[in-house]
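Have a look at this one before I ask anything.
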């Protein structure tokens, strides 16, 4: 009996089933539901990408990084600059250097480039900064958000400063987002259940023991940080071409906070947990947005999220799933 | 002449940061908790002052009231948010304080809208006098001198009184402090009350100086106060004050001495400084040795 | 029978999932020096910490006689237990390094109100440990190990405890210093303080103890008077190095 179950499990991996279901869902949404709902779903998926990628950085290794918005900013601007048609570049950014002003990339390569540059930034910064502990790392990464913001604001030549870039082409269809979501989850899943991932989770429990056993703790931290930053950069590009606007203030500490909330509620280290939590919380955010406008009660959504988090922290610190995954998704029984 | 102006501004800005940094470091010293909501208490103080000014209370009473109400806010924050989390890992408190901060900011937006409001300074503070040939507002004197006075009182309290020594003991070793019969929850509460009172007071002065308040005004100064505390050595009250002045002067000099195009980089400079100090001088100037690096 | 000052009955303490103390019972009577000896990891420190309220007791009771009253101090908050008249000199001394020597002494008397009496006790402590008087304005962290031990004991005495608990006072000290500390403990004992002592240095403990309990893997394995234990073959073999 057991043997048969195992066989079945390995023949059709549950994740693939889920991916397929998701695909069917996307088809339905795209074909049958309104553009508004499609965009809401797009945002929800985008938050899921962000949450899972933050989980790689924070959840697997136990690092406490709030830096995702910084990498989103980097990736978002790079992608935007590359995708922006030449004639618009002339209009928005007349002083752009020649080699950049003539570039006009298509969507996918530009997004990937955004992610890569963000990853490189993460690599450079990560090496010194990841040595900081816990909340010192947290504050340093918040500092990073501000540093990136300031750099973006003060280089009008390249970024149009505080005004940002608007009128970006709407290129982020729900298909693209789903594509990237699948990739992110796949990478995260593969990583978590690889030997790297196991070591990372071990690091979370007891770093000293791990390094005594020979693991290169620093290298793993940087790896997790860089991978997370790549997907954050990608998300930045996706975000910019979903909302068609990007400004230095698009990606703020409160975004980082909301992502952390998703991780805490879903359970840091649990991919399925962060998917569920991201889905739930972003649904809340998107649902409350029009409500806030209608009632004139701005900030209500954020207040709600903060209160929920405080409750969770006080009463159930492990979140929904802790470090584990939903039972039916697990490979090993 | 220009240098004089920079120095005076540095003193003023430094005082404002010092007031916030002190409260920050007091709580951190005992709980090892970075309290993001601290900056927002400063914002509360600013808004409260606007309310008090509207009802035409004499300014001396307003100042006192702000200190007291700020203390009450601190007491509430401790009781409601942080006490239930005693014993949880560091990061939990950090996240919680971030949650609290966003909560307060958004409550502010909800109640007062995100638009900045004007801070109407009473006649007395707008009068000026000449200092080294510069017109300096009475407000500026009040800022600098009241900070010095409050700082002195606090340092005496912490040095000489039994409760002050108890606070220092609790900051060093909470468990052993309990062995002395010290009620640590009370000590922590006192740290919150004093710190928050000072932060609210700073908010009042800040509003007066810059003429504008908005619900988000506290977050960045709160973070910078953390930088100031780190410069001076977290846990040290004198260090926080020194750090506040160093930060205040650095900011003013940075903007004042560098070419105009660079002045937008001021905040990046502050956070860059934070990262450098955390990496190379983690104990700051006066701090006690602590685990900053993994 | 002497009045029991501290009466611990069937104490069961678990830390996390590990059951550390199993049905531990012992007592200290007024005017006694009682020693808890045992190997590393036997649970001696856990016992003291549990009495002082640092660990949660799963079952059993800790009763303390404060004057005429018997108070149940099981699972009471540490600060309250201290106010009942117990004082612990913790393992590793743990003086407040950033405070001055004098401030350490002062903080020991935190709960006391009568300033005249406190001053008298300060003088008493300084007479016991003249080196502390000499160094009273120095930061406590700058003292040597032995001096810190003296400061820790002095600090504990300042709360005028009815029962003084000490956790491994000889730890990390040179033999000469150990001698000094133990003769001081005898002095304190003579001056009227009851003592509960946890020690790995069994020989020294047996020298000054009226009664001894031997802790093994979280249980009380043996008990008796100091002399009985000194002459006990098993104790000699296991803890005194006498084969």
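Each chain carries a letter (A, B and C) given by its place in the written order, and its residues are counted from 1.
Keep this in mind: a contact is a pair of C-beta atoms (placed from the backbone, for glycine too) under 8 Å apart; a residue touches a chain by one contact, two chains touch by 3 or more.
In this text the structure is predicted, and so the values were computed from the model without any measurement.
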| item | value |
| --- | --- |
| Chain of greatest Cα-centre distance to chain C | A |
| Central chain of the complex, centres being mean CA coordinates | B |
| Inter-chain centre distance, chain A versus chain B - centres from mean C-alpha coordinates, in Å | 33 |
| Chain centre separation in whole Å, for chain C relative to chain A (CA means) | 55 |
| Centre-to-centre distance between chain C and chain B (centres being mean Cα positions), rounded to whole Å | 43 |
| Chain A-touching residues of chain B, taken from the complex the two chains share | 34, 81, 84-85, 88, 90-92, 94-96, 98-100, 102-103, 105-110, 113-114, 219-220, 223, 226, 261, 264-268, 271-272, 274-275, 278-279, 291-294 |
| Contact set on chain C toward chain B in their complex | 52, 54, 77-79, 82-83, 87-88, 90, 94, 96-99, 103, 106-108, 110-111, 155, 159 |
| Contact set on chain A toward chain B in their complex | 64, 128-129, 131-136, 138-140, 142-144, 146-147, 149-151, 153-154, 207, 253-254, 257, 260-261, 264, 297-300, 302-303, 305-307, 309-310, 313-314, 317 |
| Complex interface listing, chain B residues touching chain C | 162, 165-166, 168-169, 172-173, 175-184, 288 |
